[in-house]
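Each of the next two complexes has subunit A plus one more chain, namely subunit B in the first and subunit C in the second.
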Partner chain A sequence: MTTRLQLRDTGAMRRTTGLFILLALLCLPWADIAVHTLDPGRELGRLAQGLLWPQWPTTRTLAEAIASTLAFAFQGVALGAIAGFGLALLYRRRAVRWLAASLRAVHELFWALLFIQLFGLSTLAGVLAIAVPYAGIFAKVYGELFEETDPAPRQALPANASRLSSLMFTTLPQAWPNLAAYTRYRLECGIRSSAVLGFIGLPTLGYHLESLLRQGFYAEAAPFFYALLILIATQHRWCRGWMIPAMLLAALWWLPPVAPVNGALIWQFLTHDIVPAPLRSGMDALPWFMDLWQGQLWPGLINTLVLAMLSLVVMGLLGVMLFPTVSRLFGNRWTRGLSHGVLVILRSLPEYLLAFIALILLGPSMLPAIIALGLHNGAIIAHLIGQYSNTLVLRDDAARGLNRYFFEVLPRQFRLFLAFSLYRFETVIRETAILGMLGIPTLGFFIDSAFAEFRFDRAVMLLVASAVLNIAVDGCARIIRRRLHLQQQVQVC
Partner chain B sequence: MNRITKTLCVSIASLLTPAVLADTFVFTAIPDQDERQLTERFGKIADYLEQQLEVDVQYIPVKSYSAAVSAFRSDQVQMAWFGGLTGVQARQLVPGSQAIAQGVEDTAFISYFIAHESTGLAPADSLTDTLRGKSFTFGSKGSTSGRLMPEFYLREQFGEAPETLFNRVGFSGDHSRTIALVESGAYDVGAVNYAVWDAGVEAGDIDTDAVQVIWETPAYPDYQWTIRGDADARFGDGFTQRVQQALLDMTDPDLLAAFPRSGFIPATNADYAPIEATAVTIGIMDAQ
Partner chain C sequence: MTGFRLQQAALTVGGQTVLHDLDITIRPGERVALLGESGAGKTTLLRALREQQPNRIAWCPQQPGLVPVLPVFHNLYMGRLDQYATAYNLLNLIRPTPARRREVTELADRLGLGDQLWKPVEQLSGGQQSRVNLGRALYQQRPLFIGDEPVSAIDERQGADLLTLICEQHETVVLALHNIDQALAHCNRIIGIRAGRVAFDSPSDQLTSADIKPLYPSDAS
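Let's look at the complex of A and B:
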């Protein structure tokens, strides 16, 4: 039975992989993947030179940017975790699951653009921009952790035990280790998100990075770049135990989460600004919507999907090609150490930043975005599969080199690879949307335009469309996973 | 560099603490050029206004054109040096606010179309079909001289949207970046604020062998100072008028070079009606 199931699965896995590659090939004619800088080599040289000979800002500037980056991350993740915990308790309800799905379907950059309209460019806007989507993510992960707990202790409680004591004495103690580990891990994602919020004006590392990189001051940008890299790469060393509450308190002291709240402004935004323009003046909204559909929604959706499919395949290829370089089954200590370092860099940097650098080097097209998404996510897949492959036990006389890779290791890891890739699908779609802010006409490009034109009605409509797309893609990936019996859980941002 | 980044950081962090701003008159400006120069040049303007108005005056830099309008809307800044389009957007979002002064040059502002030498495009009196199929970059999506007016004249000449006319349309973000992108050949053609271009050529920052002006638009009204309608209630009667006077009295060439303008003259909201009409025509603003 198991063998037959596995055989059927192998066929289905092959077909799924083939289907994804075929879809990506079909997308190619629509993808705009040309190099447009006349001399990318020169720019690359300047970038390398800047990275090697950084020009240091004042300690104070750097320290303030780091402190703000951490402050937004800690406050946002903490608030998100509290709200997500509350939602997780009600996660069995369909409405709560939908709410959580919609919260996490909108990228934190877009939440930030919305909250900046409500609360100005304030700490509160930045904290909420991280907290809201993270609450949706926490709700899901915590909710699933609660469901996985052993029901036996709960059933052993006296019949009149309250729900609170049931939670405190049976569910929570069981789920706690995983819950704490995931929350800590999420802080790493929070630092990345916080840095990216700087790109739209919050005073984090991203603020300086964006200005300096955009203007080509690579040497001045380098220290901020290294600071971000070091923060993320070392996060698991210093971010534990009593440091976490201490950091949170420091964050609240450094940037109190306040905002100039203007009731009238918020009321106007909610009751007037986001209502479709024709409805405000009592006209027919259909032409308005059709216009939006033809001009922005449809092309935005197509570009988003084309970019996501191509990035997914590049991600897969890189993942499959790179994982042996960090696996103990191949190479030696030195090669593994080197590739490990490269993978850490690639997966530590936000895709948005990678795309930004690729855009400067290669000029405007879909290519920088594909490279950024492929590299970042490919590095994550390679890292995960590399780790898992270390648990494989091969026979002493197993083949070496390419034969070992193709006939021993890859077939055994393929299932895992597919599972991870499908989990990344939703992330890739989410990120494609924000890469639109760099000028690739995905849904995010049109959302950015709508905010630049102060047409919040259009912005909200486009945001809803991108949320629906994310939820749909997530649903598809879940169905494929179930079909292929891929249950491997993976939680990476 | 160090000193400038420091001011930059101190100011951006202080934007997040509303308490500091309570009795300070805060202004911003659309970031239309190299951000580091902006901080330096508007820092001097803040000092000048502080002397003239006898209240604390602070300049805060913002990241984008739309961020300038958002800050004005949420009262984080009470006055701003806006472009034509951002000014119209801001005054629409904040009823009661008014345009009080514009540069002498702003009554008849123009945009340049610039092209990379590899395109073979030569200066001409009108836009011709040779532009078709080239790649083109605007400045910021909210720029008057870098987007609104160039797009208007392109549509007028060719009767179609830039997206169908060119094989690629981009938004560089600011005028300095537009010049850099066309100079490097990343884009064939671009539209740029004439004042930023002329200042760049004069300072020797632009390689005029690689990029040159191929067309200039007819004149239109552009940049202006816009102040919130509640400024008098907050800073005392006649405050708006004192601010206007201080701007009109600005004669120090060093201060004026920062804009760059030769002086300021009074302006009214009505001066910008043509800009609003154009924005509605090309579809980036809804008719009111």
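Let's look at the complex of A and C:
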């Protein structure tokens, strides 16, 4: 077994799984999962054709889009890592933990919408949109890594050694390998985030993808699609050692993180625009809030939860079905290689892009979002469980095929599967909210429209609601994990 | 044919030859015990024998390889996964059928696991787990039995009882044992292995403890 477990309660695991499936089934009547396009098959055919026969843009356009995507990613992640490191040093304080939790509870696209109001469509806005939520994530992960270090070297130091020297000589060296590995991994997430920021206007790969795909220029979009795929899938190969600082310097040179700062405008935004309208004019706040609640908050929350529950179950099903295809306990080298390739593609592409493509094919309903979230997260789960299943040693006379899967492998991996799925729950909720920006009426839909109508007070209120929902879901998942004694650590974005 | 035959064989593990010049024929009806120090190559020899006719052998390895979260029932049932259709197996995974339930309960009672039948095996003690392992091999109901220390984690009295059961249920039996008395009591042929070779191979009633002692040089005192 890969995990040591204190108490073993298989009944509780089964009940939890059943509960999630039941909840998803109860959500089904509220979910709009119709196909609204006339001929999705034909559209898919056109997409496939475009991908097979790409039409190349000028090298300059493609190179600039790639450079900008990397520039936002490197600057955003670097700034986030520095800020997160600072917060991690104070992570024992409750206030810092809450701050970090609220920073990461708001998706980078929402942060981008906010920063664009403050700094215009500038480099600074894009960098901050990545850096701020990432700082919250880094604070948590670094903080936990520091806590996990062995306290003995620290206690053995002379009593009046300063905190800084204690950190530099004992804590940091111990945590460093994990810390560096995680930061490097976050760069991959940063590239994804950076690409997605293009969908709201920043000059990354997503910008070209959005405009070309929306118009049905699939062949023209294909090179940008492949560029993103290759960038992310090969990131762990080229993004190491001296390349990281070199890339960061190049990023600062290519897109200096500056913006036209208009102090008066920012001041007005912070002190006037985002203050709820009734407070500004001295009206009664209750009708304003009830209107917002009935028209946007409540339906947004319900749709977000419904979509997340359904996506979670689809993710789980796909994860459980796909992991044997990459496990050495099943199939042969060719089937595993093929399946591995498909999973890499699904893992590399951001949910937002997958949902955007599915939306073009299937029309506006919850279905494209469920497919996108299910595929992306299911591929991650399948990959992780598949990797772990390679460490299982079966008996010489172990059964084969389906018998092997259901009797030998699935029962052994089920606890791990549940742990990973619960870790993904928060991510799924975060992404569900954001997919609203594509027209599915989750919280993101109302947030996006509030920004579009310059009703920033409403937008901020809805943002706070989505943050609270994320924190609540994360808390729930943590309680369930503790109840089921699922302590498996996993860090994926 | 329900026996085994190794002629002029050398057995290797990871490129290293563990056993040399093997010349062993085991005829149907024989009950053979392998004796030798740990690391002498008994397990390697058993593996090689199993490979000769894997589908006719009830296999009881030393590392149980049980599925920890599944109850005793399913771990025993798994002995017959290859004998039933997959759909029937899945049915029994979700809701055991009365016929299989009856059989497995009977076997579990004989193993002294009657009260534990629905407990996940990860909650059992080491001795209980090794009885489940043995039970799985018994449940296969094959003509030949190969066991690698099948009763070493079980107390002596119950171990003797289970060895008797193994010998009753199978036409041909090959066991690696470390308990010399058990080997002499239950088997009619003893093969001693030392320094990568067969040191002796004779009927158990012709052996004395003086013949066996040289197998365990590190015990010599």
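Keep this in mind: the second predicted complex is superposed on the first by the 485 of 493 C-alpha atoms of A that agree within 3 Å, B and C clash if a C-alpha of one lies under 4 Å from a C-alpha of the other, contacts with A are read in each partner's own complex, and residues count from 1 in each chain.
Keep in mind that, in the parts below, a residue touches a chain if its C-beta (ideal position, glycine included) is under 8 Å from a C-beta of that chain, and two chains touch if they have at least 3 such contacts.
Just so we're clear, the structure is a prediction, and the values are computed from it rather than from any experiment.
For the composite obtained by overlaying on subunit A, subunit B and subunit C can both be accommodated side by side without a clash. Draw one line from the C-alpha centre of subunit A to that of subunit B and another to that of subunit C; the angle between them is 150°, to the nearest 10.
More residues of subunit A lie in contact with B than with the other chain of the pair subunit B and subunit C. By the document's definition of touching, neither partner reaches A:66: not subunit B, not subunit C. In the superposition on chain A, A:10 makes contact with subunit C only, while subunit B stays out of contact range.
Residue contacts after overlaying the shared chain place A:120 against subunit B, while subunit C stays out of touching range. Looking at the shared chain after the overlay, A:384 reaches neither subunit B nor subunit C. Applying the stated contact rule after C-alpha superposition, one finds that A:393 touches subunit C and leaves subunit B untouched.
When the two complexes are overlaid on their common chain A, residue A:301 makes contact with neither subunit B nor subunit C. Look at A:408: by the touch rule set out above, it reaches subunit C but stays clear of subunit B. Figure legend note: subunit B and subunit C, brought together by superposition on chain A, show a least Cα distance of 42 Å. Residues of subunit A that lie in the contact sets of both subunit B and subunit C are absent, per the superposition on chain A. Those residues of subunit A that touch subunit B in the complex are listed here as 32, 36-39, 43, 55, 57-58, 60-61, 64-65, 68, 116-117, 119-123, 199-203, 207-208, 210-211, 214-216, 220, 255-256, 258-260, 262, 265, 277, 363-365, 439, 448-449, 451-455.
If you check the complex, the residues on subunit B that touch subunit A are 1-2, 5-6, 8-10, 12-13, 15-18, 34-36, 62-67, 69-71, 73-76, 89, 92-93, 118, 135, 140-142, 168, 170-171, 173, 176-177, 180, 184-187, 284-286. Residue ranges of subunit C in contact with subunit A, taken from their complex: 47, 50, 54, 57, 59, 61, 63, 65, 67-70, 74, 78, 81-82, 86, 89-90, 93, 120, 122-123. By the touch criterion given at the top, residues 1, 8, 10, 393-399, 401-403, 406-408, 411-412, 414-415 of subunit A touch subunit C in their complex.
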